[in-house]
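Dumping the structure here so I can ask a few things about it.
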Amino acid sequence: MARYAMLIDLAACVGCAACAAACVLENEAPPGHNRLWIRQRELGSFPNVIVEYRPEQCLHCENPPCVPVCPTGASHKTTDGLVMVEVERCIACAACIAACPYDARFMNPAGYVDKCTFCEHRVKEGQDPACVETCPTGCRVFGDLDDPNSSLHEWLAKAERVDVLRPEMGTGPKLMYLNTPSKLGLRNPGSEVES
Amino acid sequence: MTAFYGIPGAEAFWHWTTLVHFLLVALAGGTAFYTAIVGLREPGNLRGLAWLSLVFIILDLFMLWAESPARLRFSHIWLFLSFAPLSAIWWGAWGLSLSALMLILLGTKLGPPRFWSGMLALSSTIVLAYPGYALAANAARPLWDHLVLALFPASGLLLALAVLVWLRPANEAAPWLQIAALASLALTALYPLALASGGADTRAALALWFQDWGWFLLGGVLLFLAAFLARRSPALAGACALAGGFVIRSWIVEHGQHSLFVHGF
Amino acid sequence: MKLNRRRFLTLSAASVGALAFTGEARAFRAPWAAPQKWYEGEVKTVFSYCENCFWKCGIAVKVAGGRVRKIDGQPANPKSRGRLCPRGQAGVAQLYDPDRLKRPLIRIDGSSRGDGKYREASWEEALDYIAERMLGIKEKYGPEAIAWFGHGSGDKWFVEYLPAAWGSPNAAKPAVSICTAPRETASQWTFGRPIGGHEPVDWTETRYIVLIGHHIGEDTHNTQLQDFSEALRLGAKLVVVDPRFSTAASKANRWLPIKPGTDLALLLSWIHVLIKENLFDREYIKKYTVGFEELAVHSNKHTPEWAEKITEIPAETIRAVAREMAAARPRAVIPPGRHTVWYGDDTQRMRAVYILNTLLGNYGVPGGFYLAKPPYLEKYPHPPFPLEPAAGGCSGSSGGEEELPEGFKPRADKDKFFAKTTAIQELIEPMLTGEPYPIRGLVAYGVNLFHSIPNVPRTKKALKGLDLYVAIDVLPQEHVMWADVVLPECTYLERYDDLVGIAHKTPFIELRQPAVEPLWDSKPGWWIARELGLRLGLEEFFQWKDIEEYLNTRLELIGSSLAEMKEKGTLIQRGRPYLKDWERRRRNPFRTPSRKIELYSKTFADHGLDPLPEFTPPMPVPAGFYRLLYGRSPVHSFAKTQNNWILMELNPENEVWINRHEGEAIGVQHGEYVWIENDTGVREGPVRVRLTERIRNDCVYLVHGFGHKSRGERLASGRGASDNALQTRYVLDPISGGAALRNNFVKIIKGAPRPKHKHIGQLARERRL
Amino acid sequence: MEWIGLITAATFRSPGKALERDLQSGSLQSALEQLAKQHELTPPRLPRAPLSELQAAYTRLFAANPAGLPAPPYAAYALDDQLMGKAQEALEAFYSEHGLAPRDGWRDLPDHLSALGEAIALLANPNPEAARALAFGYLKPWLERYVDVIAKEDTTGFYATVCTLLKNVLEAEDEAQS
């Protein structure tokens, strides 16, 4: 029983994509699909520019929209709060892909839906996920929200602000972003989610 | 300005095969429902109808199987071994299989036809309803407004009737066709308004709708023609209804997949 | 079986001898057995160090089922500390690239260089072929007529060991004169110490950082990036001076969008403010430096107002930054950066950087520069080489006078500039002109001649004229398939190399060892060098029979052993990072003529060079043109990773950055494809336009390494534009010999076709490696 | 089958003296003719090309090419677009099931076509079925994928001729079966 979560400090992230490359090799993601990618946003105007590098992947939501829509129970939430796909049960109907507000899922050509698992196989061994382990800037931290001594809480306490992607979706993401460089947080100016 | 290292899972996840499925499932559900109604009234002359709708169901199931990347993994068995009442597709699986069973019983004249027809009415309603639910359930896709909950059953029935006006005595199906056409037309007309009142996602939804509304308009016109011609020349009306219904449904399914998270957000 | 063998010989060519009957048959494994994830099986870890850039991070290679599956950082390694950048991760994709060179190739007689007509050959034949011709050239012109170019950690054998044994001073690395030469030369003549491959900036201790054209976060140098992030986390203030809003700028407290080419003026005015406002570290200056008075007088005229006119940075900002850094001293630092060949006055600019740091009293002091010390490591006890290895390197010796042994000619580029290291671009000329003496042969190891050395047309002309051109490489890159003999080296994951000693806060030694057997008939560099050496009659320098013996001998001389190294991967020693550590031992770290930090360089004066840095304006930008700036992508190393599907999927092409308003003014859309043409008419592209607020309007920016022409690199070819192709002009830095590349000017030409490329994912699926 | 194997082995090894002998003695030519006759195909005529040209063509097609190998001569690569991939593992397993293993001297991947050809030839008599399996499971897919490319890129015409014949022969065999 745990509530695994990941924090990404955008004040530190330089978007070098080491996490993305590590993920491809660790999880053998097929060419043409990524479980993890980097979004670069440019805001403001010369010379007052804000640039945000934002790694994105499955957020392992508290109430994941991708789980109830699954007709076979392949897409499920583990007791540790990880949102997983049980390959043997998946019929590749893509209902969960449609349901995900974050485009975190894709159809693996091998015939099942694939996505970030927070490297569950590593976490079981007590290791960090591959993306956390390799990040040169150390902008990622992974841990158990229920564990009071987890460094998560320390980071959350220190952070100037904590944002989640598309809060209006009510998904309760367990991947949170710290210290977004923009005052708008993770949103684009004039993007529909502002209202 | 937004750029990416790597690719979000943003590419379309449903393809033309899925559009065909949305057509076939409508024909299957619609004809089955029609069969049920007829069966409840005069259970005599059902055979033809029963077999016809069974054929549509089989075609649809084959389509689904053939297009599934999981084709040979036999995981589909879990549809029936698991209980997922929140999943449209789970309902769809049961709806289709039960309808198929009822139709076989009706077709082979086993047991009480009225009772089977009653059951069939229920199961085929599920088949008509679940595609709309499968779309509307996705809060993340602005084009899949709750209105499709009504639009898809209506247009589904319409599509089935469009086929039936050719096969059945016109005076029997035509009036129904007109009603279904009018209903679909009304809902189609409401659709953009529904998007406009879509709350948070309004801007994105309308943006996506305006990206290419030509097809949508064409569908609307065809539906209007169908309603207009239904009594004058049912056959022609059927053709219009078939085309119109297919265009509207396909447009919503195909276009609605586009991720605003990548492009808009 | 016999029966089969007999029938076999009915076609003599068919007796391949690839397979043999073993007698015992292995148990049947069901083909539909569920595919395992690689980590579910048994995973072996092999320690080595990375080759995907020059940083040489210690890596832990994960091998399962006889295949390399993943590469992680070595936890105990001071460079990687268990972390890796994307290029280090993606090394696997290079190992299993089907385009790799598989066995030696010899150019078919009668074909000319560039036709790419080759036949496969045995190693014996290929090596004999080379040796024969090399000895012929030596006979006719002398040993110096063979030039040796190399890049990558294996180049030790081909630009140092062999050339020195062979007796040619003309051995060069692009890493010097096209990268670090100015900062190294300046450092030699200011501090009497090299900067070194790994900039000795005391990041985590510093509180104020001023980056000048230093793209941390885009040049993903693992350790540096880790320390930089840590410094910011610890609250260090950051100022970024750059015409472009770099990634580092996005983390900065101040961004100074300076006019390109005027950095020296800014530095001089900072020196001026520190001195005039009496903000510098008096004790430090008194204790450790010479020439302050001259400097003080010299800097009178460099007022912030003077600098404002040149740099377009407000005098007030200049003053403010100077005061801030002074307030933070000695925990304030202006890092030297790496690629410093910019405008031609680069050694002087770097001198100004060091003088400024010195005024802050931070050299050899916590929070400034620590004193990097190379690890204790003995040479292999072979007889002394006739020549000193001349190539140098990132940290190549660039000071001091060289004494020439009897009977050897000096470097061919000797009189063109002051410093001691060789300038690779200057060795092309003798191939064409025969002046000062002819260079008739070239051995190119792992250096991409068409993507690193400016003025590519000249290079191609030179290659055509040579008597012998040997290429040793892993992939059949364009320049490789020009060679007379192509020798396939195995990748860094399949071979041993010589030990590397890293000068660092804690000096350390790294071992490269094979994680898997070499694929095909490729051989490690050491083997090639040795076999070639023996054929060239250099037996005395190759008395070791194989690399294990060589390495073990060197390690035993320092009380370790190969076995121990294979176990540990990294051997860490104790450092002497700060001046106080040296003083405790009564040692003087400054190897300058005056044994002090030379603010004023008498040696320069004696050689007719400015003893104190003076600003000279850069080549002006012609009307209608933009200055071409270039930089790095965090997921690519130079031009060597653009055929790696993992990295290409992350970043498939480069874009030309144009200021948004400027772009709208000249009518280009964001995302449209254009040509770039330089002022000598060389055209590159099509390349995609990135209209951005992140760059000044008088320059455009390209990421280096794209625009490959050779269709062979199927992922790389034709994607983006090559900055190197546009760099047909360079200005020679008269002090360091650096080739200053930012003197090329381009204009944007609309109407380029949108290239019809398959999606990288699609391509990769077609050739999944 | 044996002849298919022998010819494949002969064709895809790096061209040297041996091949020159076979060409001059005409033994390769006659081998092709025999094979063609067996399947009522018009026997092809091998173009006369000097060894150096063959070597150049071979290198350009199968060994090293700045324009990318038009046809990587690895049977498994044609199946799963991957060196050292699943298809190759399967092939190695297949070899060892039938008591075949790469010799020590062999400095190439076990799915190189000349090795595959040798395997087919070796298995042809003791175990015809296995030979067929290799020919149709590995050789044929490769030919189908690359024969056109080779026809386009091969300047000598030698490799185009042989590959086309092999492909046709295998297809003929296939029809003969069904």
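The letters A, B, C and D name the chains in turn, as written, and every chain counts its residues from 1.
The rule is simple: contacts are C-beta pairs under 8 Å (C-beta built on N, C-alpha and C of every residue); 3 or more make two chains touch, one makes a residue touch a chain.
Please read these numbers as outputs of a predicted model, since none were measured by experiment.
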Pair joined by more contacting C-beta pairs (C-D or B-C): C-D
Between subunit A and subunit D, centroid-to-centroid distance (C-alpha), Å: 49
Cα-centroid distance, subunit C relative to subunit D, in whole angstrom: 43
Averaged-CA centre spacing for the pair subunit D and subunit B, given as whole angstrom: 53
Chain centre separation (subunit B, subunit C; CA means) in Å: 61
Numbers and ranges of subunit B residues touching at least 2 other chains: 1, 3, 5-7
Multi-partner residues of subunit A (each touching 2 or more other chains): 15, 17, 20, 32-34, 38, 42, 109
Touching two or more other chains - residue numbers and ranges from subunit C: 635, 649-651, 692, 761, 765, 768
Complete list of chain pairs which touch one another: A-B, A-C, B-C, C-D
Interface residues, subunit B side, partner subunit A - complex: 1-11, 13-14, 68-73, 75-76, 78-79, 81-82, 84, 86-90, 92-93, 134-135, 137-142, 200-204, 257, 259-262, 264-265
Residues of subunit C that touch subunit A when the two form their complex: 37-39, 69-73, 82-90, 92, 216-218, 220, 222, 225-226, 229-230, 232-233, 245, 247-251, 255, 257, 634-635, 645-647, 649-651, 659-661, 692-696, 759-765, 768
For the subunit C and subunit D complex, residues of the former touching the latter: 3-4, 7-8, 10-26, 28-29, 31, 35, 67, 96, 98-99, 101-103, 105, 108-111, 116-120, 476-478, 480-481, 486, 519-521, 710-714, 717, 765-769
Sites on subunit D touched by subunit C in the complex: 2, 5-7, 9-10, 13-16, 18-19, 21-22, 27-28, 31, 52, 55-56, 58-60, 63-69, 72, 74, 77, 80-86, 90, 93, 95-103, 105-110, 112, 114-115, 117-119, 121-122, 125-126
Residue numbers on subunit A that touch subunit C, as the complex places them: 11-12, 14-18, 20-22, 24-26, 28, 30-34, 38, 42, 44-47, 49-53, 109, 121, 133-139, 181
